[in-house]
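Dropping the structures in below, format is C-alpha coordinates.
Shared chain: chain A. Partners: chain B in the first complex, chain C in the second.
And now, the complex of A and B:
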(Lines of atoms letter the chains of each structure in order from A and count residues from 1; the text may use other names and numbers.)
(Lines give C-alpha, C1' and ligand atoms only; values in the text may rest on other atoms or scores of the structure.)
Protein backbone atom coordinates (compact mmCIF):
# COMPACT_ATOMS: atom_id res chain seq x y z
CA UNK A 1 0.00 0.00 0.00
CA UNK A 2 1.03 3.65 -0.20
CA UNK A 3 3.56 5.31 2.10
CA UNK A 4 2.07 8.14 4.15
CA UNK A 5 3.17 10.09 7.23
CA UNK A 6 1.27 7.48 9.32
CA UNK A 7 3.33 4.58 8.03
CA UNK A 8 6.65 6.42 7.60
CA UNK A 9 7.38 6.10 11.32
CA UNK A 10 6.23 2.45 11.35
CA UNK A 11 8.82 1.63 8.70
CA UNK A 12 11.53 2.55 11.18
CA UNK A 13 10.50 0.03 13.88
CA UNK A 14 13.54 -2.22 14.48
CA UNK A 15 13.28 -5.95 13.62
CA UNK A 16 9.89 -5.38 12.02
CA UNK A 17 8.67 -7.84 9.42
CA UNK A 18 5.25 -6.33 8.79
CA UNK A 19 2.65 -3.86 10.01
CA UNK A 20 -1.05 -3.03 9.89
CA UNK A 21 -2.84 0.26 10.49
CA UNK A 22 -6.59 0.00 11.11
CA UNK A 23 -9.43 2.35 11.89
CA UNK A 24 -11.50 1.78 15.05
CA UNK A 25 -14.12 -0.14 13.05
CA UNK A 26 -11.49 -2.59 11.79
CA UNK A 27 -10.95 -1.24 8.26
CA UNK A 28 -7.33 -1.71 7.14
CA UNK A 29 -5.79 1.66 6.19
CA UNK A 30 -2.27 0.45 5.49
CA UNK A 31 -0.35 -2.81 5.59
CA UNK A 32 3.10 -4.06 4.73
CA UNK A 33 5.47 -7.06 4.74
CA UNK A 34 4.15 -10.29 6.27
CA UNK A 35 0.93 -8.54 7.28
CA UNK A 36 0.22 -7.11 3.83
CA UNK A 37 -3.50 -7.47 3.05
CA UNK A 38 -3.81 -9.89 5.98
CA UNK A 39 -7.51 -9.34 6.64
CA UNK A 40 -7.72 -12.49 8.78
CA UNK A 41 -5.06 -11.23 11.23
CA UNK A 42 -6.68 -7.77 11.22
CA UNK A 43 -10.02 -9.32 12.18
CA UNK A 44 -8.57 -11.40 15.03
CA UNK A 45 -6.55 -8.45 16.38
CA UNK A 46 -9.65 -6.21 16.30
CA UNK A 47 -11.53 -8.79 18.40
CA UNK A 48 -8.57 -9.02 20.81
CA UNK A 49 -8.45 -5.22 21.19
CA UNK A 50 -12.18 -5.18 21.89
CA UNK A 51 -11.88 -7.85 24.63
CA UNK A 52 -8.73 -6.23 26.10
CA UNK A 53 -10.50 -2.86 26.39
CA UNK A 54 -13.46 -4.48 28.14
CA UNK A 55 -11.11 -6.41 30.41
CA UNK A 56 -9.49 -3.13 31.46
CA UNK A 57 -12.79 -1.44 32.31
CA UNK A 58 -13.72 -4.54 34.29
CA UNK A 59 -10.87 -3.93 36.69
CA UNK A 60 -10.35 -0.98 39.02
CA UNK A 61 -7.98 0.64 36.52
CA UNK A 62 -9.62 3.30 34.40
CA UNK A 63 -6.82 3.95 31.92
CA UNK A 64 -6.89 2.09 28.60
CA UNK A 65 -4.05 -0.27 27.85
CA UNK A 66 -0.87 1.21 26.43
CA UNK A 67 0.17 -1.87 24.51
CA UNK A 68 -1.15 -5.33 23.74
CA UNK A 69 1.51 -7.89 22.81
CA UNK A 70 1.13 -11.44 21.54
CA UNK A 71 4.49 -13.12 22.04
CA UNK A 72 5.68 -16.28 20.31
CA UNK A 73 9.17 -17.82 20.61
CA UNK A 74 10.38 -16.43 17.28
CA UNK A 75 8.24 -13.33 16.77
CA UNK A 76 5.65 -11.07 18.34
CA UNK A 77 2.74 -8.82 17.48
CA UNK A 78 2.61 -5.45 19.24
CA UNK A 79 -0.64 -3.50 19.16
CA UNK A 80 -1.22 0.06 20.27
CA UNK A 81 -4.03 2.59 19.85
CA UNK A 82 -3.30 6.19 18.98
CA UNK A 83 -5.51 8.91 17.53
CA UNK A 84 -8.45 6.52 16.93
CA UNK A 85 -6.21 4.23 14.90
CA UNK A 86 -4.94 0.75 15.76
CA UNK A 87 -1.30 0.12 14.94
CA UNK A 88 0.00 -3.46 14.73
CA UNK A 89 3.66 -4.26 14.29
CA UNK A 90 4.97 -7.79 13.75
CA UNK A 91 8.57 -8.10 14.91
CA UNK A 92 11.09 -10.90 15.16
CA UNK A 93 11.82 -11.92 18.72
CA UNK A 94 15.57 -11.43 19.00
CA UNK A 95 17.33 -13.69 21.46
CA UNK A 96 20.34 -11.71 22.59
CA UNK A 97 23.35 -13.60 23.82
CA UNK A 98 24.50 -12.65 27.32
CA UNK A 99 27.51 -10.37 27.41
CA UNK A 100 30.63 -12.09 28.68
CA UNK A 101 33.31 -9.91 30.23
CA UNK B 1 -7.27 -30.64 43.33
CA UNK B 2 -8.72 -27.31 44.41
CA UNK B 3 -6.43 -27.17 47.42
CA UNK B 4 -3.43 -27.87 45.20
CA UNK B 5 -4.44 -25.11 42.75
CA UNK B 6 -5.10 -22.71 45.60
CA UNK B 7 -1.62 -23.43 46.93
CA UNK B 8 -0.06 -22.69 43.54
CA UNK B 9 -1.99 -19.43 43.20
CA UNK B 10 -0.96 -18.45 46.72
CA UNK B 11 2.68 -19.23 45.88
CA UNK B 12 2.49 -17.10 42.71
CA UNK B 13 1.12 -14.23 44.82
CA UNK B 14 4.28 -14.28 46.94
CA UNK B 15 6.43 -13.50 43.86
CA UNK B 16 7.82 -9.98 43.89
CA UNK B 17 5.56 -7.49 42.06
CA UNK B 18 2.60 -9.85 41.58
CA UNK B 19 -0.69 -8.08 42.36
CA UNK B 20 -3.12 -10.80 41.37
CA UNK B 21 -3.49 -14.16 39.69
CA UNK B 22 -6.30 -16.18 38.17
CA UNK B 23 -6.87 -19.59 36.59
CA UNK B 24 -9.70 -20.51 34.23
CA UNK B 25 -10.76 -23.62 32.33
CA UNK B 26 -11.35 -23.86 28.55
CA UNK B 27 -14.97 -22.74 28.95
CA UNK B 28 -14.00 -19.54 30.75
CA UNK B 29 -15.00 -20.76 34.18
CA UNK B 30 -12.87 -19.38 36.99
CA UNK B 31 -10.99 -22.11 38.86
CA UNK B 32 -9.37 -19.73 41.32
CA UNK B 33 -8.52 -16.06 41.70
CA UNK B 34 -6.37 -14.09 44.13
CA UNK B 35 -5.61 -10.41 44.63
CA UNK B 36 -6.38 -7.80 41.99
CA UNK B 37 -7.62 -10.19 39.26
CA UNK B 38 -11.31 -10.79 39.66
CA UNK B 39 -12.88 -14.15 38.88
CA UNK B 40 -15.39 -12.21 36.74
CA UNK B 41 -12.67 -11.64 34.14
CA UNK B 42 -12.18 -15.40 33.56
CA UNK B 43 -14.37 -15.44 30.43
CA UNK B 44 -12.57 -12.50 28.84
CA UNK B 45 -9.12 -13.89 29.71
CA UNK B 46 -10.02 -17.27 28.16
CA UNK B 47 -11.49 -15.54 25.10
CA UNK B 48 -8.24 -13.57 24.64
CA UNK B 49 -6.12 -16.73 24.72
CA UNK B 50 -8.55 -18.40 22.30
CA UNK B 51 -8.29 -15.43 19.88
CA UNK B 52 -4.49 -15.39 20.15
CA UNK B 53 -4.55 -19.05 19.07
CA UNK B 54 -6.50 -18.03 15.95
CA UNK B 55 -3.90 -15.42 15.02
CA UNK B 56 -1.59 -18.14 13.73
CA UNK B 57 -3.79 -21.18 13.51
CA UNK B 58 -1.00 -23.23 11.87
CA UNK B 59 1.24 -22.72 14.91
CA UNK B 60 1.23 -25.33 17.68
CA UNK B 61 2.58 -22.80 20.13
CA UNK B 62 0.34 -21.00 22.64
CA UNK B 63 1.58 -17.41 22.76
CA UNK B 64 1.89 -15.18 25.82
CA UNK B 65 -0.49 -12.21 25.77
CA UNK B 66 0.60 -9.06 27.59
CA UNK B 67 -1.72 -6.15 28.24
CA UNK B 68 0.43 -3.26 29.42
CA UNK B 69 -0.75 -0.06 31.05
CA UNK B 70 1.33 2.68 32.70
CA UNK B 71 1.33 1.03 36.11
CA UNK B 72 0.92 -2.68 35.50
CA UNK B 73 0.95 -5.61 33.08
CA UNK B 74 -1.53 -8.44 32.76
CA UNK B 75 0.10 -11.58 31.33
CA UNK B 76 -2.02 -14.42 29.98
CA UNK B 77 -0.81 -17.87 28.95
CA UNK B 78 -2.73 -20.98 27.98
CA UNK B 79 -1.37 -24.37 28.92
CA UNK B 80 -3.37 -27.39 27.78
CA UNK B 81 -6.95 -26.51 28.77
CA UNK B 82 -6.02 -24.10 31.54
CA UNK B 83 -5.53 -20.37 31.03
CA UNK B 84 -3.59 -18.48 33.64
CA UNK B 85 -3.44 -14.72 34.15
CA UNK B 86 -0.87 -12.89 36.25
CA UNK B 87 -1.24 -9.20 37.07
CA UNK B 88 2.12 -7.62 37.80
CA UNK B 89 3.14 -4.13 38.86
CA UNK B 90 5.41 -2.31 36.40
CA UNK B 91 7.68 -1.14 39.18
CA UNK B 92 7.85 -4.07 41.61
CA UNK B 93 6.54 -3.05 45.03
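And now, the complex of A and C:
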Protein backbone atom coordinates (compact mmCIF):
# COMPACT_ATOMS: atom_id res chain seq x y z
CA UNK A 1 0.00 0.00 0.00
CA UNK A 2 1.57 3.24 -1.11
CA UNK A 3 1.32 6.31 1.07
CA UNK A 4 1.04 9.29 -1.23
CA UNK A 5 0.41 12.86 0.00
CA UNK A 6 -3.23 12.53 -1.06
CA UNK A 7 -3.92 9.30 0.84
CA UNK A 8 -2.14 10.85 3.85
CA UNK A 9 -4.52 13.80 3.69
CA UNK A 10 -7.49 11.44 3.23
CA UNK A 11 -6.76 10.16 6.72
CA UNK A 12 -7.64 13.60 8.05
CA UNK A 13 -11.21 13.67 6.70
CA UNK A 14 -13.47 14.26 9.76
CA UNK A 15 -15.67 11.41 11.05
CA UNK A 16 -14.09 9.06 8.56
CA UNK A 17 -14.18 5.33 9.23
CA UNK A 18 -12.51 4.23 6.01
CA UNK A 19 -11.53 5.25 2.50
CA UNK A 20 -10.98 3.78 -0.96
CA UNK A 21 -9.00 4.99 -3.95
CA UNK A 22 -9.86 3.33 -7.26
CA UNK A 23 -8.48 3.51 -10.75
CA UNK A 24 -10.64 4.19 -13.80
CA UNK A 25 -11.27 0.47 -14.33
CA UNK A 26 -12.39 -0.09 -10.74
CA UNK A 27 -9.17 -1.56 -9.34
CA UNK A 28 -8.53 -0.64 -5.70
CA UNK A 29 -5.30 1.35 -5.39
CA UNK A 30 -5.48 2.22 -1.72
CA UNK A 31 -7.91 1.50 1.11
CA UNK A 32 -8.19 1.75 4.87
CA UNK A 33 -10.46 1.21 7.86
CA UNK A 34 -13.91 -0.26 7.19
CA UNK A 35 -13.32 -0.08 3.46
CA UNK A 36 -10.00 -1.89 3.54
CA UNK A 37 -9.83 -4.24 0.54
CA UNK A 38 -13.60 -3.95 0.17
CA UNK A 39 -13.84 -5.01 -3.47
CA UNK A 40 -17.62 -5.43 -3.24
CA UNK A 41 -18.17 -1.83 -2.14
CA UNK A 42 -15.69 -0.68 -4.77
CA UNK A 43 -17.67 -2.47 -7.48
CA UNK A 44 -21.00 -0.99 -6.36
CA UNK A 45 -19.60 2.54 -6.09
CA UNK A 46 -17.96 2.16 -9.49
CA UNK A 47 -21.35 1.41 -11.04
CA UNK A 48 -22.94 4.37 -9.26
CA UNK A 49 -20.22 6.67 -10.55
CA UNK A 50 -20.74 5.31 -14.05
CA UNK A 51 -24.47 6.08 -13.85
CA UNK A 52 -23.84 9.53 -12.33
CA UNK A 53 -21.46 10.42 -15.15
CA UNK A 54 -24.14 9.68 -17.74
CA UNK A 55 -26.64 12.06 -16.14
CA UNK A 56 -26.41 15.49 -17.70
CA UNK A 57 -27.08 17.66 -14.68
CA UNK A 58 -25.20 20.72 -15.92
CA UNK A 59 -23.41 22.13 -18.92
CA UNK A 60 -19.91 21.35 -17.67
CA UNK A 61 -18.81 18.12 -19.30
CA UNK A 62 -15.46 18.24 -17.56
CA UNK A 63 -17.13 17.97 -14.17
CA UNK A 64 -20.58 16.32 -14.36
CA UNK A 65 -20.64 16.24 -10.56
CA UNK A 66 -18.37 17.41 -7.80
CA UNK A 67 -19.35 14.97 -5.12
CA UNK A 68 -21.63 11.98 -5.01
CA UNK A 69 -23.18 11.48 -1.55
CA UNK A 70 -24.83 8.24 -0.50
CA UNK A 71 -26.47 9.00 2.83
CA UNK A 72 -27.76 6.47 5.33
CA UNK A 73 -29.08 7.12 8.83
CA UNK A 74 -25.87 6.03 10.50
CA UNK A 75 -23.17 6.62 7.93
CA UNK A 76 -22.53 8.04 4.50
CA UNK A 77 -20.29 7.54 1.50
CA UNK A 78 -18.69 10.56 -0.14
CA UNK A 79 -17.35 10.00 -3.66
CA UNK A 80 -15.34 12.35 -5.84
CA UNK A 81 -13.08 12.13 -8.89
CA UNK A 82 -9.59 13.53 -9.16
CA UNK A 83 -6.90 12.88 -11.74
CA UNK A 84 -8.77 9.91 -13.31
CA UNK A 85 -9.12 8.25 -9.93
CA UNK A 86 -12.16 7.73 -7.75
CA UNK A 87 -11.91 8.68 -4.08
CA UNK A 88 -14.42 7.27 -1.62
CA UNK A 89 -14.71 8.23 2.03
CA UNK A 90 -17.02 6.46 4.45
CA UNK A 91 -17.99 8.79 7.28
CA UNK A 92 -20.34 8.48 10.22
CA UNK A 93 -23.53 10.53 9.89
CA UNK A 94 -23.75 12.89 12.85
CA UNK A 95 -27.39 13.81 12.29
CA UNK A 96 -28.80 10.36 12.46
CA UNK A 97 -32.37 11.13 13.34
CA UNK A 98 -34.57 8.97 11.10
CA UNK A 99 -35.40 10.53 7.76
CA UNK A 100 -39.15 10.99 7.45
CA UNK A 101 -40.87 11.00 4.11
CA UNK B 1 -9.76 -43.52 -37.83
CA UNK B 2 -13.07 -44.15 -36.04
CA UNK B 3 -13.00 -47.93 -36.10
CA UNK B 4 -15.50 -48.00 -33.31
CA UNK B 5 -18.20 -46.71 -35.66
CA UNK B 6 -17.61 -49.49 -38.18
CA UNK B 7 -20.06 -52.28 -38.63
CA UNK B 8 -17.86 -55.31 -39.33
CA UNK B 9 -20.79 -57.51 -40.31
CA UNK B 10 -22.11 -55.53 -43.26
CA UNK B 11 -18.79 -54.00 -44.33
CA UNK B 12 -16.65 -57.07 -44.22
CA UNK B 13 -15.28 -56.67 -47.69
CA UNK B 14 -14.70 -52.90 -47.49
CA UNK B 15 -12.66 -52.57 -44.38
CA UNK B 16 -10.46 -49.87 -45.87
CA UNK B 17 -13.41 -47.73 -46.87
CA UNK B 18 -15.18 -48.23 -43.62
CA UNK B 19 -14.81 -44.73 -42.24
CA UNK B 20 -15.88 -43.10 -45.46
CA UNK B 21 -18.74 -45.42 -46.26
CA UNK B 22 -20.57 -45.40 -42.95
CA UNK B 23 -24.01 -44.25 -43.94
CA UNK B 24 -25.46 -43.58 -40.52
CA UNK B 25 -24.85 -39.85 -40.65
CA UNK B 26 -26.29 -39.54 -44.10
CA UNK B 27 -29.66 -40.48 -42.66
CA UNK B 28 -29.59 -37.16 -40.81
CA UNK B 29 -29.21 -34.62 -43.63
CA UNK B 30 -29.81 -31.58 -41.40
CA UNK B 31 -26.83 -32.20 -39.15
CA UNK B 32 -24.31 -29.38 -38.94
CA UNK B 33 -20.89 -30.36 -40.27
CA UNK B 34 -18.52 -31.40 -37.54
CA UNK B 35 -15.46 -33.61 -37.16
CA UNK B 36 -17.62 -36.73 -37.67
CA UNK B 37 -19.39 -35.44 -40.76
CA UNK B 38 -18.48 -37.17 -43.97
CA UNK B 39 -16.79 -34.78 -46.29
CA UNK B 40 -16.96 -37.20 -49.20
CA UNK B 41 -20.62 -37.80 -49.95
CA UNK B 42 -20.10 -40.34 -52.75
CA UNK B 43 -16.69 -41.78 -52.17
CA UNK B 44 -15.08 -44.21 -54.56
CA UNK B 45 -15.35 -47.04 -52.04
CA UNK B 46 -19.15 -46.83 -52.25
CA UNK B 47 -19.36 -47.26 -55.99
CA UNK B 48 -20.93 -50.64 -56.74
CA UNK B 49 -19.51 -53.15 -59.25
CA UNK B 50 -16.06 -51.83 -58.75
CA UNK B 51 -13.27 -53.80 -57.12
CA UNK B 52 -11.73 -51.93 -54.21
CA UNK B 53 -8.05 -52.01 -53.62
CA UNK B 54 -6.02 -50.10 -51.12
CA UNK B 55 -4.35 -48.24 -54.00
CA UNK B 56 -7.60 -46.43 -54.73
CA UNK B 57 -7.53 -44.28 -51.63
CA UNK B 58 -4.39 -42.22 -51.74
CA UNK B 59 -4.26 -41.57 -55.49
CA UNK B 60 -7.61 -41.83 -57.19
CA UNK B 61 -9.85 -39.38 -55.39
CA UNK B 62 -12.40 -38.03 -57.86
CA UNK B 63 -12.19 -34.26 -58.45
CA UNK B 64 -15.85 -33.56 -57.51
CA UNK B 65 -15.80 -34.99 -54.01
CA UNK B 66 -12.41 -33.39 -53.50
CA UNK B 67 -13.95 -29.95 -54.10
CA UNK B 68 -16.78 -30.77 -51.74
CA UNK B 69 -14.30 -31.74 -49.09
CA UNK B 70 -12.45 -28.49 -49.55
CA UNK B 71 -15.60 -26.40 -49.34
CA UNK B 72 -16.82 -28.32 -46.31
CA UNK B 73 -13.49 -27.75 -44.61
CA UNK B 74 -13.68 -24.06 -45.46
CA UNK B 75 -17.22 -23.89 -44.12
CA UNK B 76 -16.15 -25.47 -40.81
CA UNK B 77 -13.15 -23.16 -40.63
CA UNK B 78 -15.24 -20.04 -41.24
CA UNK B 79 -17.89 -21.17 -38.82
CA UNK B 80 -15.32 -21.75 -36.12
CA UNK B 81 -13.59 -18.46 -36.84
CA UNK B 82 -16.89 -16.59 -36.75
CA UNK B 83 -17.98 -18.03 -33.43
CA UNK B 84 -14.59 -17.36 -31.89
CA UNK B 85 -14.50 -13.77 -33.12
CA UNK B 86 -18.10 -13.19 -32.04
CA UNK B 87 -17.30 -14.32 -28.49
CA UNK B 88 -14.27 -12.04 -28.26
CA UNK B 89 -16.05 -8.95 -29.57
CA UNK B 90 -19.14 -9.41 -27.44
CA UNK B 91 -17.18 -9.81 -24.21
CA UNK B 92 -14.57 -7.09 -24.60
CA UNK B 93 -16.48 -4.67 -26.80
CA UNK B 94 -19.50 -4.73 -24.53
CA UNK B 95 -17.35 -3.97 -21.54
CA UNK B 96 -15.56 -1.11 -23.23
CA UNK B 97 -18.85 0.45 -24.28
CA UNK B 98 -20.24 0.27 -20.78
CA UNK B 99 -17.61 2.38 -19.06
CA UNK B 100 -17.82 6.13 -19.31
CA UNK B 101 -14.37 7.76 -19.27
CA UNK B 102 -13.67 9.61 -16.05
CA UNK B 103 -13.44 13.38 -16.20
CA UNK B 104 -10.43 15.24 -14.84
CA UNK B 105 -12.33 16.02 -11.65
CA UNK B 106 -11.23 18.10 -8.73
CA UNK B 107 -7.64 18.95 -7.80
CA UNK B 108 -8.23 18.50 -4.07
CA UNK B 109 -10.26 15.33 -3.46
CA UNK B 110 -9.53 15.32 0.26
CA UNK B 111 -11.10 18.77 0.63
CA UNK B 112 -14.23 17.76 -1.32
CA UNK B 113 -14.66 14.65 0.81
CA UNK B 114 -14.02 16.52 4.06
CA UNK B 115 -16.63 19.25 3.59
CA UNK B 116 -19.92 19.01 5.45
CA UNK B 117 -22.54 16.70 4.00
CA UNK B 118 -25.65 18.19 2.47
CA UNK B 119 -28.13 19.39 5.05
CA UNK B 120 -30.77 17.14 6.51
CA UNK B 121 -33.42 19.53 5.20
CA UNK B 122 -32.13 18.98 1.64
CA UNK B 123 -32.24 15.21 2.10
CA UNK B 124 -35.83 15.46 3.31
CA UNK B 125 -36.74 17.74 0.41
CA UNK B 126 -35.35 15.20 -2.07
CA UNK B 127 -37.14 12.33 -0.36
CA UNK B 128 -40.40 14.26 -0.43
CA UNK B 129 -40.00 15.18 -4.10
CA UNK B 130 -39.16 11.58 -4.99
CA UNK B 131 -42.23 10.35 -3.08
CA UNK B 132 -44.47 12.87 -4.89
CA UNK B 133 -43.01 11.87 -8.25
CA UNK B 134 -43.50 8.17 -7.46
CA UNK B 135 -47.12 8.71 -6.46
CA UNK B 136 -47.74 10.82 -9.58
CA UNK B 137 -46.25 8.15 -11.84
CA UNK B 138 -48.32 5.45 -10.12
CA UNK B 139 -51.50 7.34 -10.98
CA UNK B 140 -50.76 7.62 -14.69
CA UNK B 141 -53.46 5.76 -16.61
CA UNK B 142 -53.91 5.13 -20.30
CA UNK B 143 -57.36 6.25 -21.38
CA UNK B 144 -58.80 5.03 -24.65
CA UNK B 145 -60.22 7.99 -26.61
CA UNK B 146 -59.98 7.29 -30.31
CA UNK B 147 -58.65 4.72 -32.74
CA UNK B 148 -54.90 4.36 -32.88
CA UNK B 149 -54.96 3.49 -36.60
CA UNK B 150 -56.68 6.12 -38.69
CA UNK B 151 -57.21 5.62 -42.44
CA UNK B 152 -55.99 8.57 -44.53
CA UNK B 153 -58.17 9.71 -47.44
CA UNK B 154 -58.09 6.30 -49.16
CA UNK B 155 -61.00 6.08 -51.62
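FYI, the second predicted complex is superposed on the first by the 86 of 101 C-alpha atoms of A that agree within 3 Å, B and C clash if a C-alpha of one lies under 4 Å from a C-alpha of the other, contacts with A are read in each partner's own complex, and residues count from 1 in each chain.
Definition applied: a residue touches a chain if its C-beta (ideal position, glycine included) is under 8 Å from a C-beta of that chain, and two chains touch if they have at least 3 such contacts.
Keep in mind that what you see is a predicted model, and the values were worked out from it rather than measured.
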Which chain makes contact with more of the residues of chain A, chain B or else chain C?
C
Just checking: does A:48 make contact with chain B only, chain C only, both, or neither of them? Give me first, second, both or neither.
first
According to the stated criteria, A:81 is in contact with first (chain B), second (chain C), both, or neither; which is it?
second
With both complexes superposed on chain A, which partner does A:24 reach: first (chain B), second (chain C), both or neither?
second
Examine A:69 and indicate which partner it touches, taking first as chain B and second as chain C; both and neither are also allowed.
both
Of the two partner chains, chain B (first) and chain C (second), which one does A:32 touch, if any: first, second, both, or neither?
neither
Who does A:13 touch here: chain B (first), chain C (second), both, or neither?
second
Dual-contact residues of chain A, meaning touching chain B and chain C, are 54, 61, 63-64, 66-67, 69, 71, 76
Contact footprint of chain A on chain C as seen in their complex
98-110, 112-115, 117-118, 120, 123-124, 127-128, 131
Quick one: in the complex, what on chain B touches chain A?
36-38, 40-41, 44-45, 47-48, 51-52, 54-56, 59, 61, 63-72, 74
What does chain A use to touch chain B in their complex?
41, 44-45, 47-48, 51-52, 54-56, 58-61, 63-73, 76-77
Looking at the complex, which residues from chain A come into contact with chain C?
6, 9-10, 12-14, 16, 19, 24-25, 49-50, 53-54, 61-64, 66-67, 69, 71, 76, 78, 80-87, 89, 91, 93, 95, 97, 99-101
